[in-house]
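Okay, so chain A shows up in both of these, paired with chain B first and chain C after.
After this line comes the complex of A and B, so read on.
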């Protein structure tokens, strides 16, 4: 890559590193807290290490990786001004998340469509979704991790066996999510699943029947449990605006009780303008996923990368609508802006899958070039 | 650790908050620019490799009104053939189902096909069903595939043919080149046979007319001295070696 082509990449990486350092330096200068200074140095250093050394070692897609890591650093920065201890804990949560990302990348480089991979990933995914039903005392949220595995299963079946078999794990996951009361994730999965069937199959009859079944399931659920469809108790738009477009310094005791999730915290501390712009960063991430999907050689990888780019994009949209109370659904966290370790690991695992598919595309293209040379 | 006075902090805070917004805006812009640059780069790569991602082509020998003969389709490594628009290979012929068969390329074997239930497929005139497909009936270079009323011939890229596959997998070391590796045989040891056709064979028809068979350029003697180098114009700068094109540089990088 020559200098002209690589300049947007370096500019983007430099801006991301600079911003992730400055976000910690501002509260550090105010309070003089040593932990915040440490975070201001370590978070960009970790990002730099991942985007250079690890990206080269594992042939990861740098754009998706940098964007995901920057969004993770925003999650840490959301805690920093009011609660440095929670910020350190959030930073520590990102380390296993990074390990999950690498596992996803390595797995996707070696995985191909087969009945064994479809059945095993469907079994594991459905087991994770039904964990809450099987053991009511089990409180670890494994739903997003289960959906990541089910995506592999659905992609494998859609590409290898047609949409008929793929409908089974898809609707099983939907029913399990609705039974567990996770209505928001069920809605996101249902929409993603329908769009994947539309993209991979395209038969009007199949799409219409899948759509009808999904609508019927949600209609039945709304009749049985009408109280579950209510807007989340979140910070109102007026409260967020009252903090100013560029945010304000809020002390730990002054935070509204509803601002438990990271996006309202980010909006209150750094302003609505900044938070809105960071939400817009999900757009290039999704575009990147679509770009990788269109460059994929196999239908299996194309469906997975499409699913991986659709799920966070829809989740971000739902979360944005949910924050302002426009969506009659319980509160949804933004992808990567969550304090739940399993959810963070699952989201980074999906980004790892995207990076693995991108690496595979590059390897395929290099092989094609080699074959073209041989043919000459 | 280091901290500033509240008055100074108020100023720093105001400036830095707007700076955050500005950098976030730049970040978004750079991300979109990066994506655009990568897309362009990929397009350029595909210009140099028009057959990238495909294994050859399917040439229509006979089809329908919508699919005239001599139409050709690039064949991806795997996909679905059918009459549906979302299929990887769309064959709009009578008798072709919406999704007629799945195909996948296997290195060293060929293009494996798996017809869907109730779909008739003929490979080189032999019917192939799901059971025989599971045993492996690959399409090779030149194989003729018949689906519905459509008859198609597979043409595989030269680099994917078994001979080149073997070559690419194990390239033997080249023998050392010696100056005396090629010697002319001594005179008289080789006997040349006059190309006299046998009696049953008709005399060959000359392609070139007799008046043009004599070469206008006299043959160069073997031991002739090499041509003298052209005198160089002292005013002209020496010719620089041409810089390889961008596309060639890519090829070199990939070959490495």
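After this line comes the complex of A and C, so read on.
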């Protein structure tokens, strides 16, 4: 990598580090809390460590990693001004998330398309989706992690055995999500699955039949459970606007303390303008994923990276439209801006998958260059 | 594989359009909820242009009898008020809140 190519990336990483330090320093100076000073030092240091040492060790994609870590630091900063203890807890939640990212990267680097990987990942994914149905007392949300595994299965089947078999785990996941009442994830998965079938198969009949089945499933669900289609019952838009464009230190009483979504907190503390700019960060993240998908050598890796880019992007879009009351969906969390540990781990696992595919692409390019040099 | 890549690019283009559309829609809604209408923006006076001095074309205040209102200094019979001490600024022109 020459200096001209690396310079913008380093500048971007430096800006992200500086901004993440400022997000904790400003409330720390105002309140004089030691924990916030500690976070102001540790969070950028951890980001720097990940973006340099870990990225070099595991050949991770630096841009995707920096964006994901910056979004995680925003999630920590959302708690910082009002509740430093919760901010520390959120920071601790990011550490297992980082481990999940590394697992995803290593898994994707070594995984290739096969019937065994398709069947085993489909089984595990469907098991995670049906955990709530099998054991009603089980309250850990594993749906996003299950969808990440199902992506592997669907990509494997779409790339090797045709889309006929890929429809089975895809629609099974959709039915399980609808049965479990997770209407938001079902909508996101349905749309991602249809787009992947459109990209990887492209046959009009298959796309039309998949589209019709998806629409029929949602239509049937809306007839059976019409009360599930309701707008988000979270902080109202007027409350967010009352905090002003630059935010406020005092949170309104209607903000639930145990809410999983951190976007209302972020927009109340740092203002709607900053929160809006944060939402726009999901666009370069998904475009980076599309770039990795188009650079992939195999259909398997291309479809996985496209799916991994589409899921968070569509989730961010749905969350944005849901906050403003345009979508009749229950509470949708922005990716990485959640206080739920399993969801955070699943989202970082997907970014790890993206980084693993990027590392594989780079290894392929290096091998090509080596072969070209030998041919000379 | 080439077809797959072109479809990926099409999907990414759709995604960008959806993001921009959603951003425009949400900005419009937020501005509307904040009471700022885009159509009323051109009619708002630009900040910092409004002059603290009165418009010279406007005639001084005239009493109902037709005679000009005397200034506070002129109306002070004792003449104890130094000039400029009680000329409280007109609230209409008091842009600095003094």
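Keep in mind that, in the parts below, the second predicted complex is superposed on the first by the 366 of 376 C-alpha atoms of A that agree within 3 Å, B and C clash if a C-alpha of one lies under 4 Å from a C-alpha of the other, contacts with A are read in each partner's own complex, and residues count from 1 in each chain.
Operating definition for what follows: a residue touches a chain if its C-beta (ideal position, glycine included) is under 8 Å from a C-beta of that chain, and two chains touch if they have at least 3 such contacts.
All figures in this text were calculated on a predicted structure; none of them were measured in a lab.
In the superposition on chain A, contact of A:313 is made with chain C only, not with chain B. Look at A:280: by the touch rule set out above, it reaches both chain B and chain C.
Residue contacts after overlaying the shared chain place A:67 against chain B, while chain C stays out of touching range. Of the two partner chains placed by the overlay, neither chain B nor chain C lies in contact with A:151.
Contacts of A:202 after superposition: both chain B and chain C are touched.
Touch counts on chain A: comparing chain C and chain B, the chain ahead is B.
When the two complexes are overlaid on their common chain A, residue A:324 makes contact with chain C while staying clear of chain B. By the touch criterion stated above, A:293 is placed in contact with chain C alone, chain B being left untouched.
By the touch criterion stated above, A:128 is placed in contact with neither chain B nor chain C. Looking at chain A, you'll find residues 200, 202, 280, 283, 287, 299 touch chain B in one structure and chain C in the other. Of all residues in chain C, those touching chain A in their complex are 1, 3-5, 7-9, 11-12, 15-16, 18-19, 22-23, 25-27, 29-30, 33-34. Within the complex, the chain A residues that touch chain B are 1, 5, 8-9, 11-12, 15-16, 18-19, 22-23, 26, 28-34, 37, 63, 67, 70, 160, 162, 200-203, 246-247, 249, 270-271, 273-274, 277-278, 280-281, 283-284, 287-288, 291, 295, 297-299, 364-366, 368-375.
The residues of chain A lying in touch with chain C in their complex are 195, 198-200, 202, 237-238, 241, 272, 276, 279-280, 282-283, 286-287, 290, 293-294, 299, 302-303, 306, 310, 313, 317, 320-321, 323-326. Across the complex, chain A is touched by residues 1-4, 9, 12-14, 16-21, 23-28, 30-39, 41-42, 45, 48-49, 51-53, 76-80, 84-86, 88, 98-99, 102, 116, 157-160, 164, 167-168, 250-251, 254-255 of chain B.
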